[in-house]
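Naming follows writing order (A, B, C and D), and every chain is counted from residue 1.
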Amino acid sequence: MIVIMKAGATAAEIGAVIARVEELGLTPHPIYGENHTVIAVVGEAVALEPDVFQVLSGVETVTRIGHQFKLASRQAKAEDTVIAFNGTTIGGRKLVVMAGPCSVESRSQLLETAQAVKEAGARLLRGGAYKPRTSPYAFQGMGLKGLELLAEAREITGLKIVTEVMTPEAVPLVSQYADILQIGARNMQNYGLLNAVGRTQRPVLLKRGMMSTIQELLMSAEYIMSNGNYKVMLCERGIRTFEPMTRNTFDLNAVPLLKQLSHLPVIADPSHGTGRWDLVAPMAKASIACGADGLIIEVHPQPEVAVSDGAQSLKPEKFAQMMRELGPLAEALGREL
Amino acid sequence: MIVIMKAGATAAEIGAVIARVEELGLTPHPIYGENHTVIAVVGEAVALEPDVFQVLSGVETVTRIGHQFKLASRQAKAEDTVIAFNGTTIGGRKLVVMAGPCSVESRSQLLETAQAVKEAGARLLRGGAYKPRTSPYAFQGMGLKGLELLAEAREITGLKIVTEVMTPEAVPLVSQYADILQIGARNMQNYGLLNAVGRTQRPVLLKRGMMSTIQELLMSAEYIMSNGNYKVMLCERGIRTFEPMTRNTFDLNAVPLLKQLSHLPVIADPSHGTGRWDLVAPMAKASIACGADGLIIEVHPQPEVAVSDGAQSLKPEKFAQMMRELGPLAEALGREL
Amino acid sequence: MIVIMKAGATAAEIGAVIARVEELGLTPHPIYGENHTVIAVVGEAVALEPDVFQVLSGVETVTRIGHQFKLASRQAKAEDTVIAFNGTTIGGRKLVVMAGPCSVESRSQLLETAQAVKEAGARLLRGGAYKPRTSPYAFQGMGLKGLELLAEAREITGLKIVTEVMTPEAVPLVSQYADILQIGARNMQNYGLLNAVGRTQRPVLLKRGMMSTIQELLMSAEYIMSNGNYKVMLCERGIRTFEPMTRNTFDLNAVPLLKQLSHLPVIADPSHGTGRWDLVAPMAKASIACGADGLIIEVHPQPEVAVSDGAQSLKPEKFAQMMRELGPLAEALGREL
Amino acid sequence: MIVIMKAGATAAEIGAVIARVEELGLTPHPIYGENHTVIAVVGEAVALEPDVFQVLSGVETVTRIGHQFKLASRQAKAEDTVIAFNGTTIGGRKLVVMAGPCSVESRSQLLETAQAVKEAGARLLRGGAYKPRTSPYAFQGMGLKGLELLAEAREITGLKIVTEVMTPEAVPLVSQYADILQIGARNMQNYGLLNAVGRTQRPVLLKRGMMSTIQELLMSAEYIMSNGNYKVMLCERGIRTFEPMTRNTFDLNAVPLLKQLSHLPVIADPSHGTGRWDLVAPMAKASIACGADGLIIEVHPQPEVAVSDGAQSLKPEKFAQMMRELGPLAEALGREL
């Protein structure tokens, strides 16, 4: 921690900060400037909160030194993590594309989509069986039946399955069906849920909350990893800003930044990142261009009758076209689709 | 819904929207302007999503008519809700103040705080036994022991207890101890949890998420109410913006707006709304001045040794002073403390 | 400045930072922690940018010590500034209310409003003769004719005049008519304009930009003051956030914070802060309750035919009612209306 | 306009809206739903503000039909604008790269940079002679001397010049030296300045304000175009959000969206969009991948001694490397560098 005292802080106030540092078993290094005294605090302090010093009289600001995430950091592991599971891998040179409907709606809808995205080159099928909806009156997902349909689609197509789990108690059930457990944006700081998926060995796709900083996303990954599950993918899916023309503001800066700060694979979600199907293909390309390890894309055979997220879903032929365009792009970037 | 077609939308595109409206059992009213055709959709459509039309070819924007919240709305109930429980009430002319530490840390800390806030005029004691923390390495709360200490403090002081519940499975246990169940900001859209507290009859203090709209806050109240629990208090606690000098931006506009849109009591939290103890008293006054029905305030006997939120906690004497100043203010506003 | 090196920064990188500090004539104080080296930089560095160190290899973050504003700061002047001009004052115990239409539209509109707000207790008349409008096709203000009408209204009612100036070259002309020059939110960082009003001795009402930090507002005040004009009022008028139900999010935290950081008077603008006339009165009360030295309020005799900002304008009778309610509130707060 | 009445609006309130529509010479189309009445307003209403109806009693919301920008819109001109000037072009298949220092600091700094970016493939030299700085105590630019150096660099290298103009009165002078006039982000809504550059025939690079919506950016372009200057480039340079790890959040969604809404060329600025040199190259690639027509990049021979924006400036060799990597990417996208 770096404690910056207010201009005009008294000797007694400075002394109290120093005493508090020592009381916590840490070493204070005061530096006396013309207007401000600064006290650098040396020692192991990862669990320490800036508030401990902020609250003291005469303190202006307190700045943490270094990051609080450890297991998720590049310092902990210099090389990129490649997550291997059920015969496939995520991370490394080879890009991954996960595609499918927002919600599982019916057997025919799911199987038709699965076949189409498989043919176009996707390796995973996405589809929600449990849906977090703003309104209690909206469709909440097919539940167990949806999970069974996903398993059937895997059986038929060979695609692996990624699907959302919303409560700690549902983790065992969803784990029976899913190859990857998805933590949705609204649940990024649902710590009971993070602990629960952390106690499994299923790979986890952790979506950034629409209100969450990059630092907080990494701290949520840290929750999962500190429970023993290191198979975490970080997903940028857009944040909330003042711009009304798009559903979210797709923060692609986060992609190269996360790759710098962490060894975990980074997946981009241009469907939620834009909220508009007509922006999905260009933003999918941008995601790959700035270093994402993969994409998750909403595809629906008839977006106009989708029960959710129709406006941001690609039709299978648009998805196939996008995949064809991604190929040469990936190659130009030294990646492989 | 109002569907606005793009300038230059074709007759076929307009026809397809009209057909889709009819297919959904609703009535289309097309209006043909110079550049744009508009289709007003009449009929019961509360569960309908704008996406259903947004996705159609030639559509520019879709606007919902009216609000999705029903049970929480002023339309459903014109008079203010007064929540009566265990011999006290929240809502109506009489203001309520809930005060206490961020975290329950020890018996002496809690009892000392409880006595102090009781003497100063608080009616409820707040204190976290289960704490949602950004870091898995930070103090996570005393758990059951914390709940027991809260119950003991109630026994001794007569203060009612408000404390946070973080997972659906913890609801029965926390309900045994708490007079009011608090849903924290990070869990405002944890629907499993909202359903769980909705199935109890305990009053619920629902905090606005730090990047949630006023509409979404009311929809989360609707989740609880649609499960049968109508005893919901809405809490403004600050939202996340670009301003770095305060922990949150305290959106007090939400207070009179929520009073207008809903019959539910509105509580303001200037501790989280500012993140700085030196701003708590002025912003508590502002909260009351714009119509809040009560306050929730962090108080700690020694903020400088608090395990969490010390920087925004008032010392008991500062809290007592604030309460003395609130009295004449309440009176000038026609309220009673 | 505090320079925090990355974990694992090399001795050469640390040495380069130290050398650069010395090259700038400042004194480096390195502190060697377990993972991170921190270099505190001591010396006069107000014009120095963090970038100077941020750019060096191995640097993680650079934090400025203290604030860049000097003339505007409480350190420079401990007592509250009271701005005296043309027989009235702003600042200190006595509150000021400025009221009037968004735009000057006609002689009758302006005089009718002026009489009404005068009777209700306003001391200044606001009204725009030059209007910054998002659209080039919208009404741009009456210009010189508007200024003349404002002067006539002053002649008749004795109210002082506050009106916006939009370009440096218009400053001399507007200064001939206005008692207070208003810098609008969009122009808060129009430095040519800030310099121009700084070279006059007219009091300046400086509005916070809709996406400007509190620090930046004070730096813009510093621009004006560093030109020799110390008669600056700071105006909180709402910032831009994700919340769509109000035109802006009224950041009232800024009011007590500005009073703490600066000696300048603080004016609140609940008309723009909310964008809705039905929220103006409660938020005017909140503004006063948290310490504002005055209010600026849009009033129009017929908001439904106003050429601009009708939705946030009070009718004269609503304004008069609000003024009556503010009286006892001011008294309860130890202020005078 | 679409006027949505509140649930329970009276017949008199509905009648008053209808009367007001007719009074304005427009045609009202009321639609009576179960809970809400909706009045669609048909007629030419581009200069009309929603406030005109919003202010009326019983009105819930008012939504504009269509966009207010006309000259800048795709409706006005279907094919992409290609701006030709002084022997070069911007827009169309061929990408443009503008590069150079944030500030012109000295003859040697500028010429060295100019040579380097020229060799690497840039077609324009950027460099600020007049600098908008948050602090009045910071370097404000070399002024006229800076312009002369830019002209000399053009003479020597053949690079065209883009440089910022900050006040209306400086437009004639800057136009003598610059090939493209840059409007900085802080001045995007400085209407006096927009009018002034609109009255020239110099191409204008219009930067999006850090607080401005995409709609507002297009309205500012409309200001310039409505004065007769159609040579406008739109520049996405990052917006302000809650994320603290980057200087701005680079809103690349804006790139394909602007290409859809407007015929004007779109330039991306990854230097300001990220604020970190180590993110510039990946985000430059992302910009091209989602459809930008060009880039503007800060390059400095010694970022560690730059007077401004060092932290986001590339060294010439890093810039050259980025340009080499952009080549194959452009080709894979069907563009040419």
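As a convention for this text, a residue touches a chain if its C-beta (ideal position, glycine included) is under 8 Å from a C-beta of that chain, and two chains touch if they have at least 3 such contacts.
The model shown is predicted, which means the values in this text are computed figures rather than measured ones.
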{"item": "Pair joined by the larger number of C-beta contacts - C-D, A-C", "value": "C-D"}
{"item": "Chain C and chain D: spacing of chain centres that average the CA atoms, whole Å", "value": "26"}
{"item": "Length of the line joining the C-alpha centres of chain A and chain C, rounded to whole Å", "value": "38"}
{"item": "Junction residues of chain A, two or more chains touched", "value": "211, 240-242, 244"}
{"item": "Topology of the chain contact graph, where touching chains are joined (line, ring, star, complete, other)", "value": "complete"}
{"item": "Residues of chain A defined as touching chain D within the complex", "value": "211, 213-215, 239, 241-246, 249-257, 260, 273-274, 278-279, 282-283, 285-291, 328-329, 331-333"}
{"item": "Complex interface listing, chain D residues touching chain B", "value": "2, 4, 7-8, 29, 31-36, 38, 40, 42-44, 60-61, 63, 65-66, 75, 240-242, 244"}
{"item": "Interfacial residue positions of chain A with respect to chain B in the complex", "value": "20, 46-47, 49-52, 54-56, 68, 132-139, 166-169, 186-187, 189-192, 209-211, 216, 219, 222-223, 226-227, 240, 277, 303-313"}
